Amino acid sequence: MATPRIKELRRVYGFDEVAIVPGEVTVNPELVSTDFPIDGITLKTPVLASAMDAVGSPKFAGEMSELGGLGVMNLEGVQARYDDPDEILNQIVTTPQDEVTGLLQKLYSAPVRHELVGERVEEVKRNGAACAVSVTPAKTKELAPVAAEAGADMIVVQSTVTTARHISNSARGLRFPELLEMLNVPVIVGNCVGYDVALELMETGIHGVLVGVGPGAACTTREVTGVGVPQVSATIDCAAARDEFYDRTGRYVPIITDGGIRTGGDLCKAFACGADAVMLGTPLAQSEEAPGKGYNWGMANPHPALPRGTRVKVGINGSLEEILYGPTSVTDGTQNLMGALQVCMGMIGAQTIQEMHEAEVVVAPSIKTEGKHYQLGME
Amino acid sequence: MATPRIKELRRVYGFDEVAIVPGEVTVNPELVSTDFPIDGITLKTPVLASAMDAVGSPKFAGEMSELGGLGVMNLEGVQARYDDPDEILNQIVTTPQDEVTGLLQKLYSAPVRHELVGERVEEVKRNGAACAVSVTPAKTKELAPVAAEAGADMIVVQSTVTTARHISNSARGLRFPELLEMLNVPVIVGNCVGYDVALELMETGIHGVLVGVGPGAACTTREVTGVGVPQVSATIDCAAARDEFYDRTGRYVPIITDGGIRTGGDLCKAFACGADAVMLGTPLAQSEEAPGKGYNWGMANPHPALPRGTRVKVGINGSLEEILYGPTSVTDGTQNLMGALQVCMGMIGAQTIQEMHEAEVVVAPSIKTEGKHYQLGME
Amino acid sequence: MATPRIKELRRVYGFDEVAIVPGEVTVNPELVSTDFPIDGITLKTPVLASAMDAVGSPKFAGEMSELGGLGVMNLEGVQARYDDPDEILNQIVTTPQDEVTGLLQKLYSAPVRHELVGERVEEVKRNGAACAVSVTPAKTKELAPVAAEAGADMIVVQSTVTTARHISNSARGLRFPELLEMLNVPVIVGNCVGYDVALELMETGIHGVLVGVGPGAACTTREVTGVGVPQVSATIDCAAARDEFYDRTGRYVPIITDGGIRTGGDLCKAFACGADAVMLGTPLAQSEEAPGKGYNWGMANPHPALPRGTRVKVGINGSLEEILYGPTSVTDGTQNLMGALQVCMGMIGAQTIQEMHEAEVVVAPSIKTEGKHYQLGME
Amino acid sequence: MATPRIKELRRVYGFDEVAIVPGEVTVNPELVSTDFPIDGITLKTPVLASAMDAVGSPKFAGEMSELGGLGVMNLEGVQARYDDPDEILNQIVTTPQDEVTGLLQKLYSAPVRHELVGERVEEVKRNGAACAVSVTPAKTKELAPVAAEAGADMIVVQSTVTTARHISNSARGLRFPELLEMLNVPVIVGNCVGYDVALELMETGIHGVLVGVGPGAACTTREVTGVGVPQVSATIDCAAARDEFYDRTGRYVPIITDGGIRTGGDLCKAFACGADAVMLGTPLAQSEEAPGKGYNWGMANPHPALPRGTRVKVGINGSLEEILYGPTSVTDGTQNLMGALQVCMGMIGAQTIQEMHEAEVVVAPSIKTEGKHYQLGME
């Protein structure tokens, strides 16, 4: 009898399951650099805000910029649909929980207006920040040129899953090489998770890749559709694609781990797994400055027939500066994320993010947060 | 010293432990087909209702049919034992929990009546639906001809574990080739879980295989007898048998994953693991139309000496249409199961169920439902 | 640099982590035999009661015998230390929980009296039962001859860990070949867990091996000393030793899985892993007939300086007959253990315990008891 | 296409995941020796107290010494910063929980005073104990000579992660060979976790290695920075380095497992994995004699910008003698740790700590502490 062709299942990993191993050399944290260069722009803080309305206002983009990071405005969110987005945001955060999915479904069915796209881009620029905007593949050919025209510095083409090849009925779908020719700003594309998909996207000429599909512990995309890959494995695979592509072509296309990062520990693990930068939602939505005022909601939530996720109360944890750079008296890893990164780099012996990619990562039993514990030593 | 012959233990997997990896190509969900052809019948909705009394009335079979699926009536349930099954169902759902196992043991000891079998089959047909009936192996030679005579379109021969070879004291036990000769309707047989068993069943000439023994997280068969195989591995193994049998004979015998599916995510994983269709109990028992009125109970529960499982309150979740096709504002994966399947196929890049069998499936850490989360992107 | 000699860790398994796979053939449960032959005695019910005072009275031994099993009386328990053991048992079960460890330490420091050993053995015999007695290695040379003289049919030499070789200061320690020469009754020895240890014990000429050290989920021996091996792996390893020893010598030395069995599922798994019989504590202590009256406590608990475990309230679950042979309306696997074994053998296609040793066992995700579920099919 | 260079993740283990397998020989516990020789000193009790203020007073060092162990005084803790450390300790243990991190940040910013270092060392010696002192690498060149001058018997150079090579801006950083030349007392260095790092540290000539970075279930270093390796794997790796170094050079550099040990079981596992001694924090902080009076806090907690951990209420469990040597009526493994070690050695058949390193260790499912259980047998 022939050998049965049993489908084989690879084991993949999420943040909670891994830990970083200290290095053979240690470095004083004051000597490390966390610079993230991407196509002419260099962010001192390798953190992008998620393209979600709770952290996506022009004002918040200015605040991210002041701290060395980058905001991303969603061109299909409330900013580009409403004259007075603050009023809409206020409705969203004040509606009772059991009515909010319906409200989101209704609010996000208002049309996107081109003139608002232009106005908001200019508003970001007036705040002194680089302007990154996000758009779904289906709307890219319509909206990306509008934003670029208005002065956007970076276009993020983003949906839950994006590939270089998409099958649809439309006569001429989105083709990345054509898009790049049309625009003269860097284009980041995502989200993806696999080695082959990431490589294929890089081959289209784009400038960065967003990594992450249904990450995190209780991701609704995975609950609803079964689809999702935990971030540690997703990042490792896409980093391997980046390195392979660089070896072959000499072009370095950075990858940005997007989703599932809640603590300094998660953030450090993303870099140790190969990320060049990270995209944060909830941790930034917890800042006093966030337009979500202690709430967060995703852009797949308002789907009219199959919403995935809902409005989540994330609370307010501190100022954006405390969250990114401290100082802090909080000991749960949710503040001073960049301080944590620097201390981690010191223990690993990495002076740059790229050296951090060489760190050893191990699969370690999950952290049980109910345990009581304390720390030894003092650096 | 000789090498000890230590028994080796293979690792098997359930729905909660795996996730589907997005494909290298994506497809617009409107372009996918979920057709399930089986021996001349084609279901637009590849979903069978479990052969349990809580979802097994002639009326419910009609409602399943209208939505493109298939109901299955249990010939050893209340429909074929009582003149007024609704009255009996009412007793079952109104009895206090601590008395219900005893009640089930009593109610299911009433005799099955041939004339009621015929009447119920005709009732299903009058509702405009294809009529599938379920019977245990021990009763098959007695009841299957009665149902076929009355016009049944499909016979499901089902017990917790069914094999092609059964050892008993009876002079002439059930032999599937003989049964098939006697009846001229398609015969589905189950349940089974292994590659060899599935292959051997297919070799008898039957038309479909039900997959699943003691699946799910808290299966009582496994608690009581230790026997059970989680559905991901069971489906993968039986799908390999189907493919092997098809390669060898040119006959495609579909497999139907039966049990343990609670959400859209589970359903999508069953197909990604190789299922041609699924059989659903609890998700359909949660519909407003279900005769169980918010309760469910299995057919092994009334066992007079060793009941496995009891009546479970499953609640009412929405209309059958909302559960199968939405639209929905619910975000936990329990509604719009077919919408979820279509979105999943889009992310995988599968245009048919058979293409979905090629999806990569990974072992990913269990979902912890207490976590809070939200979604990025928008397709 | 030389390869580092990193200690390697083998993965071992417990009952909750495995499941039994149905067989390629099924058997009618009425056709199976559960006989357990051991050195001339044949138990129809392959179940020994643990040598603990909560299930170890002469009267309980009689009740076990009537149902086809075997009671074991501990010669270092209250039966052999006190004229009126019932009065002592009453003290133990009525003392408040926070005083009970101290009380056990005190009560079990009274001397063992030879004349009581003889009286109790005769009492068991008067109840019409075979008399098995248990004694620790340190007391074996003193007490085993007394019991044998009084008519004991089987000697169980038992401590937490017993090996064929023990290092101590005593001039002449226990040697099993000498013991066997001295006594002319079968000798069972334990507990052990490894292939080599089991083989070495069998080579001394003893008649059976008890398997299990620190099994179960919350074993205190493991908490206190770190020592313990889960029962699935322990049973598999010792079964391999038995088979190896049989192949080499033609002598079949049965193994008895002792500890950690709570449900019918656990019991079935022990046999599928290679057990010839099982020893049960808590499940029998939950019978109405047990002298522990709803409590249980181990024989290492009274250790004067390092008690491991305490008195546990196990509750009363039913009559001994209901627990072993049903019938039952309970659906959690704690009643009708032998019925469950017969149904399991039917699904596996095993007509004898030895055929059951051939069953496939898989590693399956743990059962989460909070899940709701139900059963399909009906045998 | 080239094979992708996917980062590989090794599985590592913590105490809760492993168990010790009994040996082929057993030994009477009265015959075992737990001696720990280190550079001329021999501890009868192979236990060091953590260099934390809650267990680090001169008085407590005297009490550790009387029981055969060794206290370690932190030269950067309250003892060397304040004239009246008891008054400061009192402040720490009486401040409300939500203010304590801030208070620790403030109190630990007071300067370390050389004259107090000398006074405290002399105080330890007056209590009749060997005096071990702890200092961070950055302060070693300043404070270690002061302590050695005052009569310290052992210097512990300790930070969260210490390597033989450290990159900093300081003109002349700490070099261990230079330090060893300068001092003529044994030097213990830590913490580290890897084979290569341990080997490199041993090659500098130091006398012992502390093993453990971010161990334990809920370690805040791991939560905050992602860095940490569970203790079983860390100990196994460093033990392999020690053995390799010994084979190559003939010098035996003992390793001390530091952190994450809560019960006798954990402690036994550390030795079975290769530890020569253990360092305990919480279990000793739970003694009546501990200066922490039922509280514990680590030395990384007061970090001014990124505290990791906080003050933990550990409670008082018994006298130091009960915790180390019993007797006890407690059955959860938190008392009579050395009695547990002796019983464990008996079951393993190890007469010395070095023989214990040969024990088999297995990966076994985690202990669920809610389960009820009891013990069989009696040694």
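All chains are identified by letter, namely A, B, C and D, in their written order; residue positions are counted from 1 within each chain.
Assume contacts are C-beta pairs under 8 Å (C-beta built on N, C-alpha and C of every residue); 3 or more make two chains touch, one makes a residue touch a chain.
Since this is a predicted model, take the numbers as computed values, not measurements.
Counting hops only between chains that touch, chain B reaches chain D in a minimum of 2.
In summary, no chain was found to touch both chain B and chain C. Superposing chain A on chain D by their CA atoms means rotating through 90 degrees, a value rounded to the nearest 5. Both chain A and chain B derive from one sequence, and where they touch, under half of the residue numbers involved are common to the two copies. Look at where the CA atoms of chain C average out and do the same for chain D: the two points lie 40 Å apart.
Per-chain Cα centroids separate chain A from chain C by 56 Å. Within chain A, the positions touching two or more other chains are listed as 13. Every residue of chain D that touches chain C in the complex is listed here, in rising order: 13, 18-28, 30-31, 195, 232, 236-237, 239-241, 243-244, 247, 263-269, 272-274, 326-333, 336, 339-341, 343-344, 347-349, 351, 360-365, 367-379. Those residues of chain D that touch chain A in the complex are listed here as 2, 4-7, 9-14, 16-17, 50-52, 76, 101-102, 105, 136, 158-163, 165-169, 191-194, 196-197, 200, 212-214, 216-230, 233, 258-259, 281-282, 296-314, 366.
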